[in-house]
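You will see chain A twice below: alongside chain B first, and alongside chain C after that.
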Partner chain A sequence: MVTLAHLYRRFDAPFLGTLGLVAALCLWEIASRLKWADPILISSPTMVAVALKNWAVTGALWRDLGTSLWELIVAFGASAVVGIPLGVAMGWNRPAEYALDPFVWLLYSTPLVSFWPLFIIWLGIGVKAIIALAFLFSIVQIVINTMAGVRNIDPVLIRCARSFDARTIDLFFKFTLPGALLMIVAGLRLALGRALIGVVVGELFSANAGLGFHISYYGAKLRFGDVFASLFVIVVIGVATTQLIRLFEARLVSWKS
Partner chain B sequence: MVHIDLRQVMVTFPQPDGGEFLAVNSFDLKVEKGEFVTIVGPSGCGKSTILSVVDGLIRPSGGEALINGKPVTGPGSDRALVFQEFALLPWRTVESNIMLGLELQHKVPRGKIEALVSHYIKMVGLQGFERHHPHQLSGGMRQRVGIARALAVNPEILLMDEPFAALDAQTREIMSAELLRIWEQEKKTVLFVTHSIDEAVYLADRIVVLSGCPGCVREIIPVSLSRPRNLEIKDEAEFVRLRRHIWGLLEQEAQRQAGGRAGS
Partner chain C sequence: MKKWERAWIGGLAVLIFLILWEAAMPLGLVKVADISRPSLVAKAFVELAVSGEVFQPLVISLKEFLVGFVLALIVGIPVGIVLGRYRFFSMLFDPLLMALYTMPYLAIMPLLVVWFGVGLGATVAVVFLGAAFPIVINTAVGMREVDPVWVRAVRSFGGSEWDVFRKVLLPGSVPPMMTGIRLGVGRGLLGMVVSEMYASTEGIGGLIGLYGNSFRTSELIALIAVVSVLGFVFVDLMRRLEGWVNKGRAEAQW
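Then we have the complex of A and B:
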């Protein structure tokens, strides 16, 4: 018989996680209602809900969401298309790694936001510059993971391939690439998060639509309910897209379980 | 007929400090066609290096390695290697791992591969596990896949690099008996490296005992135990005598290694 105790033991992690979240929301609502802090500054869950509803009803939500998603998909897609072959080349070929390595670490350790003024000049204010920023945020992670995945193939498998006198093309497609696949997809998952940051940051600076724009617009008007509403939508996008890739990952490693 | 002929084979590896490490020194061995030869010796005596030379993965720095009288120039489909670490592709099923060698060598047409694979699956006793992945199998079963993969390319020579070293003691006994059963059917030439004296005696027609000086042959011992052999043979006087004799040859080296490599 399934008792409550059983259920709890089975689902304790999601249960306690939800409990913590609900408790925090209640505390927030109470703090706002009892004016522990200025409700204009801290807003409240109900105010956020109302803001979200109004945003959806006017249709602006769908326009902002569409703009941000479009920027995210283009930037992320382009960084995957460019980043995976670059990472493969660097993992496969030492000279390629030595030649490209400085650029990767430069991009990885530079605060990429500082490129923003350049992008504005080169690409103009708006979607193009935002996509360029998100692209840079995203591609580094993809290159690094792909390179590591290609590089870290088990040496005994290489020995096995050589012993069977494998052609280079077979070594690549039957050993290296499938062996690196998990690392590559994990890189895509992390890169997606970084691309989302790039999109939001770009929109915060200069845009006339998008979730980041929504934040900066209402932030300037001190309408923090609306600001939190767009944060909420951004979190939902981040979690949803990441989970999508996780599902894909789980399918890929079906041979492990 | 001499199948594998190693003449004064020497292997050195370059060291980071610019020097050279001598892994095998003037190694001589002739293996007859269909013969089962085991190479036994302490760790680091160059056993696996010799296998790599025969497989064509390592070029000798001196001497020569001949197969059917022709020098080895690289890996070829007349030889197949079985690895201590199994070296299976974790994302491939049993079936698909066994066909790997056939795929890589591009010699057998696609249509015939399936029949070959199912033949060898039967031979190594893996029926019912065709669609399993390596991680779902025990160590012994994984090495059955490794053996089937090597046999599937129909090599003349089977090179086995401590194939049962990663298995527990009981599985190891069973696997060596299984190997003999398969070998009786296939009659390949086998070069089998091990550090287990028991295994070396049980399997071999001849045993090559190496000593610590890199790849120096201490003694080559013919084994007169009758075939087919079962595991009970290990209680016979001749088996016990051989085991004691080899242990006598290796003991000094083994003591030195066990005592924290004093003097090395």
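Then we have the complex of A and C:
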């Protein structure tokens, strides 16, 4: 029995963590089966699994997933393309920072969904408005992180390079950008999560396809198994895409040191 | 001069933006959509304020937000303390908590509406969910980051668990806790607006939805400005509070 105690001590974190997850799922299932709460209202893990299977079998899952992923990629890509140069300009050039600062902070502290009706008026109900909302959610984070990354580069390094007669453009590409890269990538990672929220919320409000649409459609029909199935898929997307960027970050760190 | 550089450049940029915006529609720079004009927005704002139409929803929204947020504090801080102090509980609940934290809390809006009812119930619930997680997690991280040497020091002078908690852990974990609370404010406000726009016609979000549906852009932008100012004031307040609490401490970022 010594070995068992040993094993437990070594793997107590994953063991207890899994135990917690499994226990929560069991509790949920039991609560539903024994009708501690109305099974229609709380659903149950098995109902969610069945809903997920049906969703995949009919092929609707792939359509919804495709729609949401497409919106996510377009919004996130566009916000990176616009946000990184903006952030670099703000970090590199003081007047640019002072000029853009009020707008960035305004957007940072505004609950951004309030722009949604405006997007509907300007872009019409549909994919464009959803992409616009997700773009807005994501770009603020990218700009702020990029700016901070460019700003925080050790001034000694810059002065050192200057004293070796480095041209500004060299300075920029050889010192500033690589130095800021980690912060920029971290910003992208956070922004991706925010973009996903933007996509889901936009779809929740109005869409005819996508994961958020699936939630609001089946939510209205009180088929909560399908709602939870959709939430599950959203979490999987969020974790998978974030892990992808984390891997990239880990690479960067090892390359830097 | 240097001191005022930030203020005047920023002010100038905002001014230029407003002038461009004012001129854009009359000069036909924007043809496709109604982007309104700052003067029209200001007029709409004054009308909303004078008629008092904006105040009642604002009060409702603030009430919903405060109830949800205070609940999040009452539940979040003790849970965070337990998770941060006792390794057993943190190992048991961490994965579960992380799974729930990665779930976009705004996406369960349709469930909350059915569970807690349209209006007050659903909004309080979503504010609570949005605010509670960052508070729990940052409080727990704060408790864990306290140097164990201090805990041992109190113990070796015969201090009880309560002494450890009161003299070392609580003061030590306040800065990260404040960070969590600030994050919670932002997420809570977002949840409040989403909930009101999604399900109810009450509150400031409901009003935004209403004017959005009738395509009245000027009023809509005026209301967005109100929500922006609300968000700005809250976040700024939290930032000040945080700065005040953190005075003379190194910041521990999570």
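Just so it is clear, the second predicted complex is superposed on the first by the 239 of 257 C-alpha atoms of A that agree within 3 Å, B and C clash if a C-alpha of one lies under 4 Å from a C-alpha of the other, contacts with A are read in each partner's own complex, and residues count from 1 in each chain.
Heads up, the rule we're going with is that a contact is a pair of C-beta atoms (placed from the backbone, for glycine too) under 8 Å apart; a residue touches a chain by one contact, two chains touch by 3 or more.
Treat the numbers as computed from the prediction; the structure is a model and nothing was measured.
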item: Clash-or-fit label for the pair chain B, chain C on chain A; value: fit
item: Which superposed partner A:W122 touches (first chain B, second chain C, both, neither); value: second
item: Chain B versus chain C as contact partner of A:A24, first or second or both or neither; value: second
item: Which superposed partner A:V104 touches (first chain B, second chain C, both, neither); value: neither
item: Which of chain B and chain C A:K174 touches, first, second, both or neither; value: first
item: First (chain B), second (chain C), both or neither touched by A:V150; value: neither
item: More chain A residues in contact - chain B or chain C; value: C
item: Chain A as apex of chain B and chain C, Cα-centre angle in degrees (nearest 10); value: 90
item: First, second, both or neither for A:I142, with chain B first and chain C second; value: neither
item: Minimum Cα separation, chain C to chain B, after superposition on A (Å); value: 10
item: Chain A-touching residues of chain C, taken from the complex the two chains share; value: 5-6, 9-10, 12-14, 17, 32-35, 88, 91-96, 99, 102-104, 106-111, 113-115, 186, 189-190, 192-194, 197-198, 205, 208-209, 211-213, 215, 217, 220-221, 223-224, 227-228, 231-232, 234-236
item: Chain B partner contacts - residues on chain A that touch it in the complex; value: 154, 156-157, 159-167, 170, 174-175, 178-179, 181, 255-256
item: Complex contact set, residues of chain B against chain A; value: 55, 57, 74-77, 79-81, 83, 85, 87, 89-92, 100-101, 103-106, 133, 135, 153
item: Sites on chain A touched by chain C in the complex; value: 12-13, 16-21, 24, 41, 94-95, 98-103, 105-106, 108-118, 120-123, 196-197, 200-201, 204-205, 212, 215-216, 219-220, 222, 224, 227, 230-231, 234-235, 238-239
